[in-house]
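Below, each structure is written out as C-alpha cells.
Same chain, two partners: chain A is paired with chain B first, then with chain C.
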Partner chain A sequence: MNMKTLQTGPTISVAHLAKSFGQAQAVHDVSFDVQRGEIFGLLGPNGAGKTTTIRMILDIFKPDRGDISILGGPITDAKKEQIGYLPEERGLYKDLKVEECVLYLAELKGLPRRVARERAMAYFKQLDLIEHRNKKVNDLSKGMQQKVQVITTLIHQPAVVIIDEPFSGLDPVNTRLIQEMLMQERQRGTTIIMSTHQMYQVEEMCDRIVLINKGDSVLYGGVDEIRRRYADNAVRVTVRGELPHIDGVVETERKGNERTLHLPKDMPAQAVLRRLADAPDSTVESFELAIPTLDDIFVRVVSEE
Partner chain B sequence: MSKSFIVMRHEFMTMITKPSFWVGLIVVPLIMAATMGISLLGSAAATAATIANKQNQTVLQGYIDRSGIIKTVPTGSNLLRFPDEAAALAALNAGRISGYFIVAADYIASGKVTYVSPEFTPINSPTGNFDRVLKLNLVGGNATELARAETAVTVQKEQALAPEQSKGGSGLPFPFLPMFAGIMFMIVMVTSSSYLMHTVSTEKETRVMEVLMSSVTPAQLLAGKVMGLGLVGFIQMALWLISSLSALSYIPAAASLGGVSAGSIVVAVIYFIFGYFTYASLMAGLGAMMPGTREAAQYTFFVILPLMIPMYMVTALVLEPNGPLAVILSLIPFTSPVVMVMRITATDVPLYQVLLGAVLLALTSAGVVRLVARLFRAQMLLGGSKPRLKDIAAALRA
Partner chain C sequence: MRKVFQIARNEYRRRVARKSFILVLLMPLFIVVVGVAVSLLSASAAINSDRGVVGYIDPNHALARAIQPPANAANTFARFPDVAAAEAALRSRQIIAYYVLAPDFATSGKVDFVYWQNQPGNTVKRAFDRFARSAIVDGSNAQVAQRLLNGTNFTLRTPDGSRTFNNNDVFSIVMPLAVAVLFVISLFSGAAYLMQAVVDEKENRTIEIIITSVTPMQLMSGKIVGLAAVGLTQVVVWLVAGAAALQAARPHVEFLQTARIDPGFIALALVLSVLQYLLLGSFMAAIGSVVVDVKQGQAWSSPVTLVSMVPLFFFALIVFDPNSIIAVILSLFPLTAPLALLLRYNMTAVPAWQIVAAIGLLALSVAGAMWLAARIFRIGMLRYGQAVKIGEIAAAIHF
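Right, the complex of A and B next:
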C-alpha cells in the first residue's frame, strides 16, 4: 500500500528542533510543517543550520530536542525508502560505471534490481545520458554527474524528496529540464523540500518557505504572502517621455528606465496610475506594485537578525 | 533483501571485477613462489657449504651399533663407539662429538640409520666416514650383505635434538610451508582490511557517505562492508592455498607438504575469520575517523604493524614453532592469526594453546567490533576534518 495515500496531516512536521555538536549549537529552535504535494523552500545563509535540520529529518542525526514526524509518524527504515535525498555536496562513486552506481543506490532504497534497471534506462533517455551509462562517473562532466545524482534521488519514486541546491553546476537548458522533472514530481503528489540560495528559483517553484538563521526559524509562510507582508506602499513604472509630477509621492528611485515611486501609507496605487494616464507628454509602458523579491527579504531579515 | 546484504554484494562484486584484484591474485603467489625458489636454492647452497665446512673440521662422531655388524673400525675414522644412546647423548652434550649414528637392530633388512646432531642439517647428511666403515663391515662374501653394502647408509629419518624440527621431513632446507602460510595470511588480511578502509574513506571523501546514510544505518554499512570484503579475502586465501598445495605436490622434495591436515585447515579458517574481523574493524574505524584516503593511509602502518611483527621473526618462529616466542605470539590476539597458522603448519601445537589463542582472539575481535561500531557513526562519517582525541574518546564512551 502506498504511504502517500495513507497519510493525511502534514507530510513532514518539525517542532522545536535543536541540535548541538559539543559547544556549537547548530540548530536552536526550528519548526515548520510541509504539506503533501508542495514544494517547500528551506532557506537560510551559510551555517544557519539547514543541513543539520535536513540530516535530522533523514534520521542521520538524532535531535537533542524537539519532534519530527514524517509520513505520519517517526521515521523508520521503511520510510527511509520513501525519501529521495540530493545533498549539497554531491556524492557518487567516481570509479563505478554510471548505470552500476545508479542501480546500487536504487537497491539501497528498496528497488528490485530489474525494476531499477528499467527506470534507469528511462531516465537515461530522458536526460540524454543513454550513451554515457557505461562510462565511469568520473569521466562525466559536472553537469552530467549532477543529472545522474538527480536520477538516484528520484528513481525509487519517493513520497518525499529533499534536495539541496539542485541546480548548481547545471546550464540553463539542464536547469530547465530538472525544474520540469521536479514539477512533474509535485504533480505526482511528491512532497519536495528544496534548499537553495537561488531566490528566483524559490519564487518560481516554491509554495511556502521557512527561513532559518543562526539555528532559529525566523520567517515562515507562503511565498506570496511573505512578499506582500514585506512590501512597502510603492509602485514600479516605466514610461516613455517625461515622468509627470505626482502629488504625494514620498521618494522616487531610478534604475534604468524603471522608476520606483514610494507612496504614503494611505495613498492608493490607482491614484498614481490615473495621474500617469492623464499626463499628455508620457506613455505608460509598465506599471506594477513594488513587491520586494525574496532576495531583498532574505537580506533584510538576515541583516536585522 | 537486507541492506547489509546489498552492501556486501556491492563490495564483493566491485572488488572481484577490478583487474587489479586478479592481477594480485595471480602475481602475488608467483612472486612468492619465485622468492621461495631463490631462497631455496640459496639456502641449499649455504647449508651444503656449512656442512662441507664442518666436515673439513674433522670432528669426532659417535655411533651405537644395535645390529652388531660393526666389528672393525679403521684408524683415522674419527668415530667413537657408545654402548647406548644415553652415553652418546651425554658425549654430544659435553661437546666431545659433533653427532652420532644409531644403526638399527634390523639394519641388514631395513638399512635404517638415524643420525642425531644438535643442528638441523637436512640437505646433506655427514655420513662420509661412517658410510665407509659400514661398507667395510658389510662385505663378508654374502651376496645379500654385499648388495646392502652398496647402499650402506640410507638415512631414513634424520632426527635433530629438538623433536619438533623433524616434522614433515620434506627434505626442504627450510620449513617453507609455515612461512608461506604466515605470509599468505598476513597479505590477505592486510589487503582486505586496507581495502575496507579505502572504501570507507573514499565514500567520505567523495561525499557518497551522506547519500548512503539516508538509506542505511552505519551498522548496516559496516556489517555489509566487512562481510563483502571478508568473503573476497577468504576466497583469495582459499585459491592461493589450493593452488600452492597443488603446485607443491608436483615437487618431490616437498611432496609431504601436501599433507596439511583438515584440522589445521579448520583452525586456520577460524583464526582467519576472527583475525580478519579484528583488523577489518580497526581499519574501518580508521577510515571513519579520517577525512580522506590520504590522511587514513598515514596511520595504516600503525594499525597493521602487529600483523607484520611475526614476519620480522619468521625464522625463529618456524624453526622453533613450540618455542616461547612462538607460543606467546600465537596467544596475543593481534599477532596470533599469523603466528598460530605458522605453528600449526610447522608442528603439532597443543590443543589447549590452539583453543586459548582462538578464545582470546574471538574476545578481542568482539571487543574491537563493538568499539569501532561506536566510531562508525554518522557524525564521524560525515565529518570533514580530523577528529580530536577528545572527540574520539567521547564517541567511544557513547
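Right, the complex of A and C next:
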C-alpha cells in the first residue's frame, strides 16, 4: 500500500524479546530498533533465533516476554497489509500460473486486482519474466521462482519489508537486479530488515545491524561504526619489490601479495606509509587501514561467545 | 470477510480446474447415463415382447368371475378349452404364453406356465396374478373388487401434521439410499480435498506468507468455504443430472411413475450437507495442519470418517425400524446426524423437533469445531516435516 503510517521514532522496536518452544529457548533476550527508510541487517549463525524473532515481529508467534512495536504500536490486521515478507522457506502455489499466483497474493495484501495486474506487468518486464507469466510456477527455474517471490513481497509497496536470504538461488546479474530494487525501495522510504549470511551484501547494503547469537543480541549498531570498533591498529599494503623492514611493526600477515602489518597502539599509520615511500627497492601499489570485514567480526564474536 | 472470499475463490478455482475434479464429477454421471440407457433399452425390449394376449386353460371354471383387464392393457387373457388349442394359438403367435390351471386350482393355486422360446417377464406374471385374484372377489362390484386388489394405501402422519409419509412409494426406499451414497462420496471427497489443501499449503511453504496477510481463522474459513462450494457444485450437478435421468426413465419404469421428490427432502439434504461439510472440513483442516503428509493425515482422519459413516452400518435398522432409539440417537449426534436423518426421512415421519434439534446441534458443533481447528492450525501450520504431538494440541486448546 502507498499509505504510510505517520509516526515518529523507530519503525520497528523490539525490546527484550523471549520465546521458548517446550524446553528449547529459541530467543532469550533480543532488543533492537529499526529506523524508517533504513536497511537493517539481522545477522546470526544458524539456529541463533533470527527466524523466530522475525515470526514474532510478524505476529506469527506470540512472544513469551518482551515488547514489539511496529509502525507506531502493536501489529494489527491493517498493518499486516503494509508489510512485505520473504521467508527463508520460499512459498508459491506451484500449480498456479505465475501471474495468477502474484495477483492472488497481492489481493490478500489489499491491492485491487486491476492495480495488482498493472504493477505485476511492470515487475515482469523489469525482471524479464514477461514471457513466463502464463507458465505454471512449477515450470520455472529456481532463480525465476525467486524473482516471482520477490515480486510478491514488494508488489503492494509495503512500508516494511522483511526478507530472509533474498539472494539465494540468484545468479550475479539477478542478484544485482534485486539489490537495485531493494535500494530503490529504501529510497522510497521503505524500512527493510534483511537477514542473510552473505556478509559482503550486508556491508554493501545495510545501514545498521544486530547480531543475534544463542537467542541474545550480542552486537548492535551502524555497520561502519562496528567495523571501526573492531579494528586493530593495522594497515594492509601491497608493494612491488621487497617489503622494507619497518621498526615497531608487531606482526606481519601475508595473503597473496597483500600484507597486513599489525602496529603498536601508539604508532600512527602515516609512519608506515612514510617508511614505505622512502624505501628505494619497493613501490607501494595499495595502502589502507586494515578495518575488519563483517565476516571477520561475525566469526570473532560468535567464536568468543 | 473480503479475504475469506478471496481465499475461497482461489481454492474453488484451483480445485475445479483440476483433471481429478472433472473425473470425479463426470464418472457418476457417466454411470447414470449408461445405467439409464441400458435399463431403458432392456425395459423397452421386455415391454414389447411381453405385450399381447395370454391364454389359459381352466378346466373347473375357477376364473369364471375374473375381471378382464382393460382392452388397452399390456396383457389381456383368453380362455382355451384345452392344451392343444392353446398350443396351436401359441405356435401361430396369437398368444405370447398360456397358463394351465390345475383341477384343484381353487384350493391349491397350482398352475403351469408355457411359453414359446423367450420367457415373458414378471409383468405378465403380475398381470395374471391380479387377474386370478380378481376371480375371488365379488365381480359384481368392480370398484370394490379393484379396491381389494389394490390393498391398503396408508399415510403416516405426526400428531401435529408437520410430517407425513406414504408407505406405497418404492421410490422412497431407493431415493434415500441414492442420496446417502451421493452424500458420502461428495462429503468425504470434499473433506479429503480440504486436508490435502492444508497439507499442500504446508508443503508449498505458502502458509508462512499467507499467514502474514490473513488470520488463521480467515485462512481456515476461506478454505472450508471454497471447498464447500466445490462439493456443492458436485452435488448440484449430480442432482440435476439425476433429476433429468429420472425424468427420462419415468415413463418406462413402473415404480418411478408414482415417484415424487419431496422438495423438503432436497432442502434438508442441502442444509445437512453444508453443515456436515463444515464440521468435517474443520476437523480435516486441523488434522492437515498437524500432520507431515497426506498419508499420515488419512490415518488421523479415519476415526472421524468411520464415526460419520456409522449410519450406513445401521442401514437395515434405520430402514426397517426408523423410530428406534438408536436411529434417533444417530439422528441427533452431530457427526452421524445428516446421514441418519436422510435415511430416516423417507422411511417414517421424522418429528419436526428432531430435525430442528439435529440441525441446531450440528450448527453449534460447526462453530466449536472451526474455533478449535483455528487454534490447532496455529500451532501446526509452521511445523515442516514434523508432526505435532497430542500434548501440544491439548495445550493449544486449553490456552
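In this text, the second predicted complex is superposed on the first by the 301 of 305 C-alpha atoms of A that agree within 3 Å, B and C clash if a C-alpha of one lies under 4 Å from a C-alpha of the other, contacts with A are read in each partner's own complex, and residues count from 1 in each chain.
We adopt the following convention: a contact is a pair of C-beta atoms (placed from the backbone, for glycine too) under 8 Å apart; a residue touches a chain by one contact, two chains touch by 3 or more.
These figures come from a predicted structure and were not determined experimentally.
Q: Following the overlay on chain A, give me a clash-or-fit verdict for chain B and chain C.
A: By the criteria stated at the top, chain C and chain B clash after superposition.
Q: Kindly classify A:Glu203 by the partners it touches after superposition: chain B alone (first), chain C alone (second), both, or neither?
A: neither
Q: By the touch definition at the top of the document, which applies to A:Leu92: first (chain B), second (chain C), both, or neither?
A: both
Q: Would you check which partner chain A:Leu58 touches, where first means chain B only, second means chain C only, and both and neither mean what they say?
A: Both partners.
Q: Can you pull the chain A residues that chain B and chain C both touch?
A: Touching chain B in the first complex and chain C in the second, residues 55, 58, 60, 77, 80-81, 83, 85, 87, 89-94, 96, 104-105, 107-109, 152 of chain A appear in both lists.
Q: Where on chain C is chain A touching in the complex?
A: The touching residues are 3, 6-7, 10, 14, 18, 204-215, 382, 384.
Q: Mind listing the chain A positions that touch chain C in their complex?
A: Contacts found on chain A: 55, 58-60, 77, 80-81, 83, 85, 87, 89-96, 104-105, 107-109, 152.
Q: Give the list of chain B residues in touch with chain A in this complex.
A: Contact set of chain B toward chain A: 1, 3, 6-7, 10, 14, 203, 206-217, 378-379, 382, 391.
Q: In the complex, go through chain A and note every residue touching chain B.
A: Those in contact with chain B are residues 21-22, 55, 58, 60-61, 77, 80-81, 83, 85, 87, 89-94, 96, 104-105, 107-109, 152.
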